[in-house]
């Protein structure tokens, strides 16, 4: 468990800031924190201007206004369809999951009392008793069965349909017990159930114009693309929280406008602030920032089944050509950790720290390109604002290429339709992957031979079999070793270049207390509403 | 920006100095700035001290220094170089779009004025209907459909401004068309192409040129508005509007990265306005 | 000896031309006006007559300013006053009757509002009183329905009425001096008489002094006590009306008077190819109109069953007042406005109604010359290229041959060859009209349709154009169809005359015997309404009021 | 003028043309949307758009019907006053739009109330004292405003009034509107920004239109009657310049409904422009269509209104 140390002072705070500004790497920063007696936060999280967090006595009451970065008429209260941060925030406020991940990435029980299995294939979920929905109905196994089975129905359009497919049987045992049988052993099921999409809704719900959940807040108003207003649930089943009487959530897509709204005091939380705005926030007593490095990354994908990626030397060259330090320092303004071309970030307990990032070496890159016979050929790199920072990253790579006579052309394409038209399709393109709680989800989603999002068309039988084996392995040490090896395989063999794990920076009013980082994403893994309070 | 702009060039200067096509000093300053940017657009890439995409400074939103004359941008790239490169795109795209829009609009407008009848009616209605769609939204749809490249930009901008040019040219051409010299030519048996090119066109050229200038200004601004929506030239290059847009976070810091591109845009648009408002009346009002 | 009401001493007015040059347009003019006296300023365009008249109100048009001299009106020194002080004099001491009342009335306000505006501006009297006074003036000006005409909008009354209403507008403030700026020029002759009469009687009753600006000696003769002849911003001659008309001293005055003398037309000797008996132009039951077509008939029918015949080498005059359809006739014949019924035959060959369907040959045979020389020449082309185009178009001439022919054409209309390099804007009105003629001649036509080609020109210049037409006819054996509202012009050049009224030909007769033989009442009215160079003509004129009521366009 | 061409005939003719235009636009918008890559099912699923998932969702949403029949269905519904149901969130389009449209109209209304009187006053003033210092200052100001990108004006306004001075809220929507002063505050920023943007054009056009009528003989006549400059301009020139001024105002105002996307984005104001942008990015056809119709209707009705003002202000056309 991570705790912000009580001897944390404003001076340390300033020192951290200073270091970040000078471009200190994440690692250096952590080293410094260690040396000063601070345990590194498991999620790599850190509250800047941490003074406010010290007075950690929750205060009840008050009304919070928070702004996310995207919202549209596609906003939904249906957890299965949730796709934007806005949706997650709302779902976390109105519903509950069976399990959730804490700041350290450990599975904690929420609606479930226990999630247990002997063989990692047949699972039994025991529910807490006496939990009620907003409409007064008591939570039962039927609700859980309904909520989970929905994901298997294609007409629902669930985002986690492919993950849910492994649940071959979901059945009610008794009023408070549900049995889940998997197609193959998977020790990660408790973690999988903490995904935002697996929120529990009342049996038979089809109308999502209102939210009827068990959550800490009751939905008072919901206007898609505009805002939602929530009031405190007086019958919330948890002993602690929520502290806020009400909170309003909406999106201000323009970064600058979001920051300005925070600075002018119109909102108390501005999610996901562009690091470019940091200088605006510096020296403002009324705001502080919460930085989370959860494992979100923007990566450069080179398809191995198409030219030019079919030439191994091209892929190798590109790995040397990506100036990770410049991407981390200039593009991401230091709010990132340098990545080592594999998807499991330091926030994850299975992260392989021995795998060193590839050093920027244009000469080696040139050697490989020459060997591939591609020096001077125009090669388009497809980037888009849809994959955050990808355009700037592409510029950095393009610039490095032009120094050695490699003609890489940045092709910026519209955000709209990027995921269906370019991502996974173009020979060289950028992608953006949100943090996933387990290596298994990442691997099976992105790197197994039949992965739906196999970004570089990486195919390895050895990798596939290791994945299945690790999934069912209940021996933690063996599992870790296998995951480390698989990370190495990805870094060296796949065509996905992951230059950095991007930190999420939320800017909040200094009156806001209780905000901590979470490996599931910014804003406390989107679940901040029930944990935060407003100091007077 | 405006969905539709029917430009009535105000007659500010009843007095003209000197005979013939001479400008007053305000017009001269305007012309000088326009020419300056035109030259920069052509030779800019050779003047730029750095490639537009090169990150030259670890710092961002850097101040004006002797190495970076206009500071650095959000990535630490040299703004001076980027503005020099951007001139080519801003001036070039706006010029191409305005030329295309006006050429097409003027030709169609003249044909509609001469042909009259249902051709005129249908074309006017169609373009009117098109005018009803806000231009930025139109731009947005285009981005969504075909992405962003220079030809797409030019065509989109031209499409946005063509109906206005059409309307303007048609109104002028209708006036000229009723003049006796056109009737004389028609009575002589001349065909439509002759009427349009030889009789009408020379007499609407002056106001059309003035209109072209004003449209140019709006196109420069809409171009910057489109970059707000993500339709712009491909990185690492950027037009001035995009430079303002991508560095707008620097505004509150007073970063030169946002101020200089804004000044560049304003200097171009204001000078075009100055130039047009002070055009010798001989050119502006020849058909009146 | 009483002091004159107005005295103008050494008035100099300068202007800045479009090109920025400064020129003096009034070069030291001095004259007096006694109280109650009507003085006419007469001259051709550019003589400065309107400029002088406006300067009496302290007003100069854009680009002009008073450079020297002084103007005294009553006790006020106009030239020394501030703009605000001048405004207080305008309307009360001196007022203005504009050339075109139609343009000078604000189209969006009721007439009464505008007539009594002077009283409102200067707070002369309460509104009710002002309206009462206006109605009295309407009566005095012989306006119909004097009680209610003020409630109408300007577009709802006729031009002649509007002109009289503008006089009421000027008189409402009981000024000491009224300036009439060509107030009848835009009117038809039959209307002009009534307006002149009304002006004359109110001026006499009110005992006001007046300045009457005009280019028309015959009109001026009816109303002015004294005439000042102007040319190029200088006074040529001053004298009583009687003296100027009977015994002009200055050669320029004599020239002006000479231009008024009717020159009887000598029919051209029967042309050489008289063997061909077919008339050059023949029109049967021609009907034409404007507006959307319904059942093959346009909404607004203008021409109704016009028939006539024009023999080769002869000239046909078409006279009528505004709205008579005479210009429409020319357009229908030329095919610009396709006739919807009837036939046009040239040289015995029937032409298609629409010019698009006529052959080049048909088009070439018949050419048209328009009234306004300014708008008939493309301002963007040089004279040379304007004349060259028909040569290329009809005859395929190019290069040297074409150039030679252009020079020849210019010579035919008595213009120097060097003129071909100029733009139309640099030519005078007379020169432009000659170029227009030359362009028609370039097609080597047999027939030229002349639509009011002398109406916009000064009398002397117009006379010269008529001379030229006759000369060309003698040399080239042309036929003219000559459209005009001016009887004397038609008499001067035509063999036969058609009198048109409301789209119909009411009478056709030989030009020479028009005055004596016209039988149709409208023809008679028209003929009797033409002002004569005789100071007593208007007072002596008697017209049948019923006839006037039936036909005059008032 | 022939009897049948009365103003009513003109009005009816204009309305008919407007209706026809609407149909053309809806048709064009429909097929433009069809041409866009991706459909609502793919977009909704985003990264999760596997072929099977997309096919399933498409089937569920009824997207497999032919495009034309969907268009006709929508058009028929429209005639019956039914704008259809949003593909994306199954809500009635009417419900989605009504609130947003109200917001847009509120913003447009307040901006109109502020900008039109100011713009007309400045334009007329500049024309009245043509060539004076006032005229020149107005000219320089309008040119400057025209020359600055809108998002720049908006961002600067936020920085100055909300962040630095703290006088006004940075966001308009959802702000406290319980009292009049609070409401004025809430609307101040977008209204200031939009007023800047739309006024410049109106000022220029008004000035040009008035100057044109000042050069007519009837205004000279008023001068010769001894009228003051004020009387000449306000009493004589202005009534006749109403037509062109109304046209300029209509064009500027039509921008306020659909063209304010940048202002809506920066001030987080939920209006129809943003709704349309959302609709386009999710390919939500019924919503796109309905928004496009709204823009078109507002544009056409403003233009038609301007035409009618021109007709009514001209006694020659009015009867």
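Per-chain numbering from 1; labels A, B, C and D assigned in written order.
Assume contacts are C-beta pairs under 8 Å (C-beta built on N, C-alpha and C of every residue); 3 or more make two chains touch, one makes a residue touch a chain.
It should be emphasised that the depicted structure is a prediction, and the values quoted were computed from it without experimental measurement.
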Note: chains that touch chain B and chain D both are A, C
Between A-D and C-D, more contacting C-beta pairs sit at A-D
Rounded to the nearest Å, the gap separating the Cα centres of chain A and chain C is 87
Dist(centroid_CA(chain A), centroid_CA(chain D)) in Å evaluates to 40
In whole angstrom, how far does the Cα centroid of chain C sit from the Cα centroid of chain D? 49
Rounded Å distance, chain A centre to chain B centre (Cα mean): 44
Could you check chain B for residues that touch two or more other chains and list them? 144, 248, 251-252
Hunt down the residues of chain A that sit against at least two other chains at once, touch-wise. 256, 260, 415-417
Note the residues in chain D that touch 2 or more other chains, in rising order. 36-37, 155, 159, 163, 280-281
Write out all the pairs of touching chains, ordered by chain label. A-B, A-D, B-C, B-D, C-D
Chain A - residues contacting chain B, complex: 23, 255-256, 259-260, 274, 276-277, 279-280, 326, 329-331, 333, 383, 385, 391-392, 394-396, 398-399, 402, 409-417
Write out the stretch or stretches of chain B touching chain C in their complex. 14-20, 179-181, 183-190, 198-199, 202-203, 205, 281-282, 286
So in the complex, which bits of chain B are touching chain A? 51, 53-55, 58, 60-61, 74-76, 143-144, 147-148, 230-231, 234-236, 248-253
Within the complex, which stretch of chain C touches chain D? 54, 57, 59, 61, 87-92, 95-96, 98, 100, 103-109, 117-118, 121-122, 153, 155, 169, 291, 299-300
Okay, in this complex, where on chain D does chain B touch? 17, 20-22, 24-25, 28-29, 32-33, 35-37, 130-131, 139, 143-144, 146-152, 155-156, 159, 163, 197, 201, 204-205, 207-209, 211-212, 244, 247-248, 251-252, 254-255, 258-259, 261-262, 273, 276-277, 280-281, 292, 295-296, 299-300, 303
